[in-house]
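In the two complexes below, subunit A is the common chain; its partner is subunit B in one and subunit C in the other.
Let's look at the complex of A and B:
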């Protein structure tokens, strides 16, 4: 039998293949690693995998939340274990192959240098990856699995257990009347909000950049400094300031501006329609400077020859703008425009800080200006509808990922992946 | 000729008028807040932009240490959380981006796809898990847990930006340094990092302002007022009945906005070049 096959077969017990290949140190390390893995994780794997399947059988001994968490940890640990195991098999195979081809084996010193050179990227990115696994990936997996349980106020540990229910929660979102209408209302407002608010802020930003960039305009520096102020002041502060400005009892918009113009007070915070109008206006105010700055950068990089050539060809100012300026702007900043749309889709802060997603609406489980994110937030925080919130999170993530993938397929960085 | 001069003049006139209107709209809310912070009395019903008898009362109240108004503590909490998040993110992101930009290793492609995916799944997807787990593990009100979560959340997007920027620095530079005998880490510190300063500024800004303005994660984890960060504390002030503390909020808002805005305006040119290059390069 060839060395490579023998080595792989022996490596079914980790390290044995390496010993067979006379790589003593590596073999011993792998054996120790395998034993340590079994020793340390035996309990976690045992309880975790059992808990993952059953989510607990007895109260008060079992706690579904902990069992689910341990189960997911166990799965992560198993995945890491499979990775190392695969490395062990592959390494035995490769070394066996070198022996079959009668090539000299790497010496210990060479192995050491190989390890340092190849291990360097793992070494420097390892801590970040671990942090990512435990602070982002693990919680996301946990949240997503809750969508397939019946975890809510009535099935809450430690007094009760919850259990797997498959796709029931998703089915409920679309079949139970109040959930379906609320979901459709919230989703359609989320989409309107994203489209209108983002388009507004992007067009203001581009328009003002073009206006300020006129050659014969003076005080450019001062004007630009003032125009980026909404971006410079922390966003949460300005949103809260606007909550005061629009307030119906003491806000300056009703009391000073509108009354000076002879317009009656508008119920900014108690009528869903007017709250929506206010939110879109505020987002226009908050969001345009970023687009403004980036567009200004693009405008300054357009070479003058282009315009001069156009003037020689007899182009009017409008033609120059339409055929040179606008296309160049859109080509360079379209990725930024798309990120603005995805940002507003999940713009929790403005919705929640301005009016808490309210005002409340009769016959609906969400506030009149709740977008999906803020609805999920209140389902979790105030009504303990964990499973429902998790299911909505999944739907929302699918939506965002689809759009974002479509966007990233067209940008360079994705090509850089391949 | 005369006609075109005239149309030029009207165009400029309209531009100035428009820009003045825009600037008024931008400055008005900010001035109104400054006015409110000096307004005597707690409520704003009789407020004026320039109060008749301005008072420093609200500023003093911020520092008086009332149990429901621990402004100084909130301020320090916010600074602590934001600074440590920024430091942690800068370290994690620049090393990881270096590995992904300069080395070809097994799992590189999958790693990049993972970052791409995580960058799209917003971090609040984990909200339910964090709420439930933090409660069960007794990690509520823990700033370090929050900082860990923020750093983790900042890694995917910023690593992507940073990797893109490193990619645009010619590989020949590393190679010639390597021939001169520089090791991996030295190439990183002495060649790549200094050249990547604009993108480091972007990452620093992202990871400082992210936690500073975050409400969703901080309100999930931080429940007792002495652990609040500024957004939580100020939100409570604004939402007291009938705007009873709005003037105090205004004073508090000014004290955080002015330093942040000044820092932003001073550092602007450093990160704007990074932003535009990162944006167009994706």
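Let's look at the complex of A and C:
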């Protein structure tokens, strides 16, 4: 039998293949690692995997939430274990292969240098990856799993257990009348909100940046400083102040500004349409400075000779803007624009702080300006519909991720264009 | 062929693993060791800034039982929420304060333990306060304070001798005084918490209640004749401009508070939590129970009860129960009242001179006689949003009262069916 096959077979018990290949230290390390793994994680794997499947069988001993968390941890640990195990098999195989080919085996020192040279990126990013697994992947997996359970008030631990229900919750969203109509209402407003509010803030930002960047404009620094101010004030403070300004009877906007213009009071907070308008305007105010700063940076890096050449060719100001400035801006900041869109899609603060998702709309269980996130929030906090909220979160993520991916693939800025 | 083999063998393997897995069946009856509480530590989650009220009582308790009580002040409304994770995590309290309207939820989830309280002790507390702690005939906690809404009036704007006593009189009063940024009588009747005062007085109700305090969630009385009459009455205040539309909605409560604090409103309906803030704002105010309705009935209001409850995760449940009993007895509630101004839930204290001295406390006692308990069942959480929405659309005149209330009841029913049935 070839060495490589023998080594792999022996490596079914981790480390044995390495010992067979006379790599003593590595073999012993792997054996110890395997023993330690079994010893330390036995309990977690036992309870975790069992809990993952059953989500508990007895109250009050079992708590489904904790079993689910342990189960996910167990799966992560198993995945890591399989990773190491695969390495063990592969290593035995490779070394066996070298023996079959009568090549000299790597000495310990050579293996060490191999590891440092080829594996350096992995070695350095390893701890960060581990951290990422537990701080990002784990919570995502957890809330993802919740969507496939029936976790709500009546199945809450410690008095009760929840269990796996597969896609039931998703089916409910689209079949139960009250959920479906509300979902569609909320989703359509979320989309309108995202498109209009973000486009507004981006256009204002770019427009102002271009205007302020004109050569013969004086006091540029002062103007820029003033324009960045809305960004310098914490967003929630601004939103709360605006909520006061937009108050129908006492707010300055109706009382001072509109009445001076001879316009009747507008029901900013009690009419869904006007609340939406107000929200979009406020988001324009909050969002433009960032785009403004970034665009200003891009404008300053556009070489003057492009414009000089254009002037020689007899281009008008509009042509210069359309054919030189705008394309260059978009190439540089399109990733930023995309993140602005996804940010607004989930812009919880402004919706929640301005009018709590209100005003109320007859016959709907979400408010007139509730976007998906704020609706999910109220489902979780007031109705304890955890599974439903998790399912909606998945739908929402799918939506955002698809759009972001599609956009990222379309833009050239990630491809290192010259 | 090969893949099939792998599939089957891995299936067998997984099954084999799972069968041997898990904690197994637990022993049917674990022998309960007698509780050894000496030297134990109890954790008490107290309301913010309120531990001054229980300091003395806790010291006495510690000495008598030879235990340590660790008091942690936190917003008491969040306690149930936090117990969900802190309890099983081992960092939760043994005893904690909570508002009674989350008792139904806490019991459904099994977060709080039933207490063993004899009838004699139960009779000590005011009836509605005690009722708030009962779920299916079991006692889940003991009340230490009650609160309800009151009428605050500004002595500089209202003639105290001729204080309007009915809502109709307040309406006329408002008609005369409203203008130039000054308002007469204001209330947040676009919220069911406050609007219930009128709806209840006209015969509307949220859930029908039997004699033992059980709620029938099928029977919602928010769109019966009385409720519609009440809503029409409410709408009048808004459509006549007596209530500015600026106090409608999410920010309304802030506007109302600042109007009264700036002396721009003659009278408002608010809760005892504003006794301090209004005083700090320098308003010379008086407090009375809510006025009478035009049908001669007193205005109703919601009673909120604050109670001490024992966590299911407590390792010393008996001791924890002792602590609850001790903190909520007559003497300690009186001490608490003297330090925190929280109105006690003890019957016998009603005539106590310390209590009768204070107008506001007197008013709360009187008003709670006309009040109903805020339902503490889980279904109540489905009522707030639709009911508030309907009232808001009524206040802004974007819907007819009947239509709006019918819609709200429909929505409540739907939500109860969606969230609270078939489990």
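Note that the second predicted complex is superposed on the first by the 389 of 418 C-alpha atoms of A that agree within 3 Å, B and C clash if a C-alpha of one lies under 4 Å from a C-alpha of the other, contacts with A are read in each partner's own complex, and residues count from 1 in each chain.
Heads up, the rule we're going with is that a contact is a pair of C-beta atoms (placed from the backbone, for glycine too) under 8 Å apart; a residue touches a chain by one contact, two chains touch by 3 or more.
A quick note: this is a predicted structure, and the numbers were derived from the prediction, not measured.
Quick one: classify A:347 as touching subunit B (first), subunit C (second), both or neither.
So A:347 meets neither subunit B nor subunit C here.
Give one of first, second, both or neither to describe whether A:237 is in contact with subunit B, with subunit C, with both, or with none.
first
Per the contact definition in the header, classify A:11: touching subunit B only (first), subunit C only (second), both, or neither.
Once the two structures are laid over each other on A, A:11 reaches no partner at all.
Determine, under the contact definition given at the top, whether A:249 touches first (subunit B), second (subunit C), both, or neither.
In the superposition, A:249 contacts both subunit B and subunit C.
Quick check on the superposed pair: does A:325 touch subunit B, subunit C, both, or neither? Answer first, second, both or neither.
It touches nothing on subunit B or subunit C.
In the superposed arrangement, which partner chain does A:212 touch: subunit B (first), subunit C (second), both, or neither?
The first partner, subunit B, only.
After superposition on the shared chain, which partner residues are touched by A:66: those of subunit B (first), subunit C (second), both, or neither?
Both partners, subunit B and subunit C.
Give one of first, second, both or neither to describe whether A:21 is in contact with subunit B, with subunit C, with both, or with none.
neither
Looking only at contacts as defined up top, I'd like to know whether subunit B or subunit C touches more of subunit A.
Ranking subunit B and subunit C by residues of subunit A touched puts B first.
Quick one: classify A:227 as touching subunit B (first), subunit C (second), both or neither.
After superposing on A, A:227 lies in contact with subunit B but is clear of subunit C.
Hey, what residues of subunit A end up touching subunit B and subunit C alike?
Subunit A residues touching both partners: 63, 65-66, 157, 243-244, 247, 249-251.
Which residues of subunit C touch subunit A once you look at their complex with the stated criterion?
So the residues of subunit C in touch with subunit A come to 17-18, 21-23, 25-26, 84, 87-88, 105, 107-111, 244-251, 255, 312-313, 378, 381-382, 384-386, 388-390, 392-393, 396, 398-399, 403-404, 407, 410-411, 414-415, 418-420, 423.
Sort out for me which residues of subunit A touch subunit B in the complex.
Going through subunit A, the ones touching subunit B are 63, 65-66, 69, 118, 120-122, 124-125, 127-129, 131-132, 134-140, 142-144, 146, 157, 208, 211-212, 214, 216-217, 223, 225-238, 240-245, 247, 249-252, 285, 293-294, 297-298, 332-333, 335-336, 342, 346, 348-349, 352-353, 373, 376-377, 380-381, 386, 389-390, 393, 396-397, 400-401, 404-405, 408, 411-414, 416-418.
Going by the contact rule set out above, which residues of subunit B touch subunit A in the complex?
Listed in rising order, the residues of subunit B that touch subunit A are 8, 11-12, 15-16, 18-19, 22-23, 25-27, 29-30, 32-33, 36, 43-45, 47, 92-93, 95-96, 98-100, 103, 105, 108-109, 111-113, 116-133, 136, 148-149, 151-153, 155-156, 159-160, 163-164, 167, 184, 209, 212-213, 215-216, 219-220, 230-231, 234-235, 238, 242-243, 246, 249-250, 253, 256-257, 260-261, 264-265, 268, 272-273, 275-276, 279-282.
What does subunit A use to touch subunit C in their complex?
Against subunit C, the touching part of subunit A is residues 46-47, 49-51, 53-54, 57-63, 65-66, 150, 152-160, 176-179, 243-244, 247-251, 267, 269-271, 355-356, 358-363, 365, 367, 378, 382-385.
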